[in-house]
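The chains carry the letters A, B, C, D, E and F, assigned in the order they are written, with residues numbered from 1 in each.
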Amino acid sequence: MSSEDISWTVSSDYIHHLVKSGQRQDNRKMDEYRPIKLVPGYIPNAFGSALCKIGNTQVVAGVSLVVGTPYPDSPASGVLMTGCELVPMASPEFESGPPRPPAVELARVVDRGIRESHAIEFDKLCIEPKEAVWMVMLDLHVLDYDGNLFDTATLASTCAILNTVMPKYEDGQVIREKTKEKLPVVKSPVECTFVKIGDKIMVDPSLEEDKAMDARVTFATTGGEVLCAAQKGGSGAFTRQELVDTLDMTFVKSKELRKLL
Amino acid sequence: MSSEDISWTVSSDYIHHLVKSGQRQDNRKMDEYRPIKLVPGYIPNAFGSALCKIGNTQVVAGVSLVVGTPYPDSPASGVLMTGCELVPMASPEFESGPPRPPAVELARVVDRGIRESHAIEFDKLCIEPKEAVWMVMLDLHVLDYDGNLFDTATLASTCAILNTVMPKYEDGQVIREKTKEKLPVVKSPVECTFVKIGDKIMVDPSLEEDKAMDARVTFATTGGEVLCAAQKGGSGAFTRQELVDTLDMTFVKSKELRKLL
Amino acid sequence: MSSEDISWTVSSDYIHHLVKSGQRQDNRKMDEYRPIKLVPGYIPNAFGSALCKIGNTQVVAGVSLVVGTPYPDSPASGVLMTGCELVPMASPEFESGPPRPPAVELARVVDRGIRESHAIEFDKLCIEPKEAVWMVMLDLHVLDYDGNLFDTATLASTCAILNTVMPKYEDGQVIREKTKEKLPVVKSPVECTFVKIGDKIMVDPSLEEDKAMDARVTFATTGGEVLCAAQKGGSGAFTRQELVDTLDMTFVKSKELRKLL
Amino acid sequence: MGGVSNVPLIKDGKRLDGRKPDELRDVRIEAGVLERADGSAYLEWGSNKVLAAVYGPQEVLPKHLSDPTKAVLTYRYNMAPFSVDDRKRPGPDRRSVEISKISAEALEKVVLLEQFPNTMIKVFVEVLQAEAGTRCAALTAASVALADAGIPMRDLVVACAAGKINDTVVLDLGKSEDNFGQADVPIAIVPHTGEIVLMQMDGDLTRDEYTQALDLAVKGSMQVYELQKDALKRRYGGVVDEQ
Amino acid sequence: MGGVSNVPLIKDGKRLDGRKPDELRDVRIEAGVLERADGSAYLEWGSNKVLAAVYGPQEVLPKHLSDPTKAVLTYRYNMAPFSVDDRKRPGPDRRSVEISKISAEALEKVVLLEQFPNTMIKVFVEVLQAEAGTRCAALTAASVALADAGIPMRDLVVACAAGKINDTVVLDLGKSEDNFGQADVPIAIVPHTGEIVLMQMDGDLTRDEYTQALDLAVKGSMQVYELQKDALKRRYGGVVDEQ
Amino acid sequence: MGGVSNVPLIKDGKRLDGRKPDELRDVRIEAGVLERADGSAYLEWGSNKVLAAVYGPQEVLPKHLSDPTKAVLTYRYNMAPFSVDDRKRPGPDRRSVEISKISAEALEKVVLLEQFPNTMIKVFVEVLQAEAGTRCAALTAASVALADAGIPMRDLVVACAAGKINDTVVLDLGKSEDNFGQADVPIAIVPHTGEIVLMQMDGDLTRDEYTQALDLAVKGSMQVYELQKDALKRRYGGVVDEQ
């Protein structure tokens, strides 16, 4: 057990103790987000981008548009590919190299929120059926990890696709120049993440709460109180009622998040 | 030296001792196979498949058919590709990750038995010369390793290609639907593996005999007493006479194996 | 600290001590190369090749010509790709596996010397604009590492491209047969490497000098006293004057090296 | 999920394969099917065929992963190349990495890891034939294999999915329902407490549909739980200690 | 470098972006921008955006890389996929491996590694937007991040390039100058001694052009050095100890 | 192997390159050709060019591979990218992994591994030019390099192939014989005992053809063995101890 592990154990005990008495380390309410900052177009050279900060967590989402072959089972549809690097800059626990399970889970949960909400009109991204479609390459770059990556990355991603403009396409060649045409995006999916510590449940976990949590649940919603993706994590469990209650809370908090877009 | 290594050393000494007195741990004769079970079509969704058990060793072979580009030096011939995963389920020694030397050797020895017997009529697998041919993807999945993988995997493989049916091919597209047409297979290669322990030689090594063996030899034959592939393994040696004697025995035992197909 | 590390520390102290008194371990002058041997066409089957020995360092460079797609930003130009394997045969420090930083740096510095000298007339390597160009695959194989890889590898490489002949190309197919036509090469880049040990600077470092060096600088030149590439390495520093002086020395020594081609 | 789709998947109250909305596909479980593994189980669920094996508790390799307070549980969900129509390239893809992660977390709730500090318990599941619902089938089989290996557990874990097709919430989506349906909600529960240890969802659901789906999936899970216990009883010829 | 090119890059003594031959692009540096890292810096250089983070001195993993005489310094230069026009595949390519190697060597000259035997100091630089000159921007930011982490150093390291366009030696090539220019000479120096700790060159230069480029790049570096010190002063509200 | 083929490879009792059926290609061996390796050998066999190097006995890394009862022998057969007509991608492919495995096993029979517990002996062979028969050439060179490194051995290992072309069993297939022939049987033997330590076969052979091929390959091996001994004598200027 390294000294870092020990310090986390101590911190985790402290968090459990605090939570039992109904408090959070930074005095937030159980249903309160930390301050959120969203910078659309943070990478001006990219076709779409955003920086999102929730507390000290920072994620940049960037969109590249490339022409590729469609999948055989949807020959006239564009494609979304979401990648994620948990670069070692962002946390002492992250390592260089191919994505590990937490990075894969993050990319897939963000991807699912966007994909299942039908936010992007993929049928408008067909160039030539069976031959060529636009591929939306969404890359998540986590710069500073201070808890709640799912919600931060999803806000950055939705903001990035909303400000994405299409490149020129002439004579079968992509010209790397922006047009006035926007990526056809019709929904604004956001995700709300809750953690359960002991028998208390709170939204937007800080780093320490992420470490101390027994279980985690994330709901992705679009407007109109429709659930489009969900993911439970952690080695603890939720009751049926807890899942329904967190979903109800999600519909409330999502409206606040969606106002930022 | 881990406790497992020590237990294998003990077991290996015991096997050597037994064999010296002309016995095998399960009372088999030197030229006797363990019970063999062969289940053709074990994976109904695959285009061809079989499960083979020899003793407690279990291997599933599955065949996928895909369209690919032929090799430049045989522009009108189909292609066989044999892959093997020694998944960690099958033995505490197997590890996840890219195939290690034993998995590579197994795949290549099984592949050689089939390829060199000219079992598959590759010239009938040409769709458009230089452009498109059928690729026979043969995948070996070892589920339980209790000795003698070569013979078990080859029996499963030959059984699988014998029951393989072709997919539909229309307008340059593969339709993932089975036809009545079978993969053109005209030979039934089988392999017989012998191990040498001390100066005794025995067929179909058990797990303990595989571990205790000084040297191993495998012969692949087709009907008509023709040898089509061979492979010696292990850090021991064979005399010329031992190789000739085991080949003679192979012709006898192969007939028994071939009856199962 | 392994026994090997300790022996290098001792050796390094000795080299520093020697150099301080103006001497080199093999009695060479500071501006003197070890004996150089160059064998053009060392691999007769390759389209171009050479073996170069400087002292006991041995590098084989081999050229393969393949047809590939040009880069979008230079649709009518051939392509140079330089690979390097520091195979474990050549030194106890080299390991199998994907190229590590020293191999990458070597390949890139050799590549830069050739590319930036405009030695190869890439515009003559176009077969069909946007579609097909010749790709010059230059592979460096280091067989024995006894110091100064950069200069040895560059000499081998320039010699190899100078003796490269083109394959036949008929009906859109490469025929692996040599023609009388040579690869269009119009310059003869060579590289000179210096190391700084204490405050002394010497050319063509031996293995022990490579290990003991504080800083290293390599200049690639073509004829006519033109500098085309440079690279500083090592954790020490050069003064401005030292860089200018070594460049002057480079122009002198390069003429000697170029005579060997 | 395909969103609103015109493919008719329910007709006269029956689904394409003849099942009622709240009906499971056939499930068959057998415990103790492999020689080398410390515990194993074979499970067929509709056309799915999965095999689960357990090794351990055993030495942790590499050693620095060792935990002095409890056993480390690893889970490897793997699809055989021939298990799906388009041959799957061997090795883990992102989907199987994610499934492995959340399945391990689900099992950690019930396995008494704290009894075996500094050891490792490895769970391997091979999907031999896949036809919708493999993550639930795999986790259900893994749980039986853990019991077969004699690993002490608070309870089994059992998994089942519910989903939405033609605007109706139904149990245990089949392949075409998965392809053309509107939502899928795989869950896993601890049967004695009803606690939910795995839950994913994709598609679109209102709050009410979601609660219906949860309840239906719990109901299906409880049916599969009986089959898990039967398999262990057949294997051990007696009554399974339900603690 | 494109060799002799007909693209006009200088007109009436001004470059395409209006700069004079010896003029830098705008450089902006901020120290201490990340929560988790022990030290960090954000730097904009023209349109380049880079972020540097430092962790350590800390335990060496894997242990056999440990050096009993000094700290091991690692440097990772990495480009975000969206930092360039043609999306960059994640993970190190050969170019970034080379840049990382020579940048680490440059920093080893100034960091007092011998004060921290058996430890590791890790420098990470992420290029978020790239437009010519990222290796100099990255190393300059890294040096500020090291100071922000409180790592003892003899001096900062500062980097800047000079190059040749239209047969003229100019400071700090921009993107089109990099694409259509004749030579590029990135260097890094130790400001107090003028020693050169990083130097690369490609293109074609005579002896005189090379010395001009060196001198110009040193001059540019000294200007950027002032901005490094300003950033640290703003962060620490006082005078930076210049030893 | 191509099966029954119409390509005429023997005419008037002579093969395409003028050899008789039982005649070897020219073989040339030189011991001690590398500076850094502990032992080395260069071997030309027809147009094949191979170089072998040996390092050790030395410390085992990673340590857990160490064996307290004997040295671990590793063998790496590698082809240079330019060694074949179609450029070979660097790094091990499945063919070279297999060759490396069975070649290591062949050498384990003669190297006195038990004299060096807890150490590692590494054999590296680089194929610089390939033209049929490289695995035999490589193993033959490796054996000389081991002797040159002073590694104690019971005997050298020597390898040679026989094959079948135009229904005739012949020694040492050349390139077109390998491409258009009917069978190939590479073997390696311990010369003093005639024991066979490596044997592979592909193509088609009757029992009699197989025994003929074995006998012919043994005969060829014994000729190459003389050249191995000559090379070592030239290197060490004396008589090689044949134990």
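Basically, contacts are C-beta pairs under 8 Å (C-beta built on N, C-alpha and C of every residue); 3 or more make two chains touch, one makes a residue touch a chain.
Predicted model only: the values in this text are computed from it and were never measured.
A.B. asks: Provide the labels of all chains in contact with chain C and in contact with chain D.
C.D. replies: none
A.B. asks: State the chain with the largest centre-to-centre distance from chain C, centres being mean CA positions.
C.D. replies: The chain farthest from chain C, judged by C-alpha centres, is D.
A.B. asks: Based on the averaged CA atom positions, which chain is farthest from chain A?
C.D. replies: The most distant chain relative to chain A turns out to be F.
A.B. asks: In whole angstrom, how far does the Cα centroid of chain D sit from the Cα centroid of chain E?
C.D. replies: Centre separation, chain D to chain E: 52 Å.
A.B. asks: Report the inter-centroid distance (CA atoms only) between chain B and chain D in whole Å.
C.D. replies: Each chain reduced to its C-alpha mean, chain B and chain D end up 32 Å apart.
A.B. asks: So the centre of each chain is just the mean of its C-alpha atoms; given that, what is the distance between chain A and chain D in Å?
C.D. replies: Once rounded, the distance between the two centres reads 26 Å.
A.B. asks: Give me the residue numbers in chain A that touch at least two other chains, ranges are fine.
C.D. replies: Residues of chain A never touch two or more of the other chains.
A.B. asks: Can you tell me which residues of chain F touch two or more of the remaining chains?
C.D. replies: Chain F, residues with two or more chain partners: not present.
A.B. asks: Looking at which chains touch which, would you call it a line, ring, star, complete or other?
C.D. replies: Contact map by chain: ring.
A.B. asks: Since the chains close into one ring, what order do they take if you set off from chain C toward chain F?
C.D. replies: Around the ring, beginning at chain C and stepping to chain F, we get C, F, B, D, A, E.
A.B. asks: Sort out for me which residues of chain E touch chain C in the complex.
C.D. replies: 1, 3, 67-68, 94-95, 97-98, 100-102, 105, 108-109, 185, 190, 193-207, 210-211, 214-215, 218
A.B. asks: What does chain A use to touch chain D in their complex?
C.D. replies: Touching chain D: residues 1, 99, 101-102, 104-105, 107-108, 112, 115-118, 217, 222, 225-240, 243-244, 247-248, 251 of chain A.
A.B. asks: Help me check something: in the complex, which residues belonging to chain F touch chain C?
C.D. replies: Touching chain C from chain F are residues 34-37, 47, 49, 51, 53, 55, 58-59, 76, 78, 80-87, 90-92, 122, 124-126, 128-131.
A.B. asks: Contact residues on chain C for chain F in the complex?
C.D. replies: 2, 42-46, 49, 56, 58, 60, 62-64, 66, 83, 85, 87-92, 96-98, 137, 139, 141, 143-146, 176
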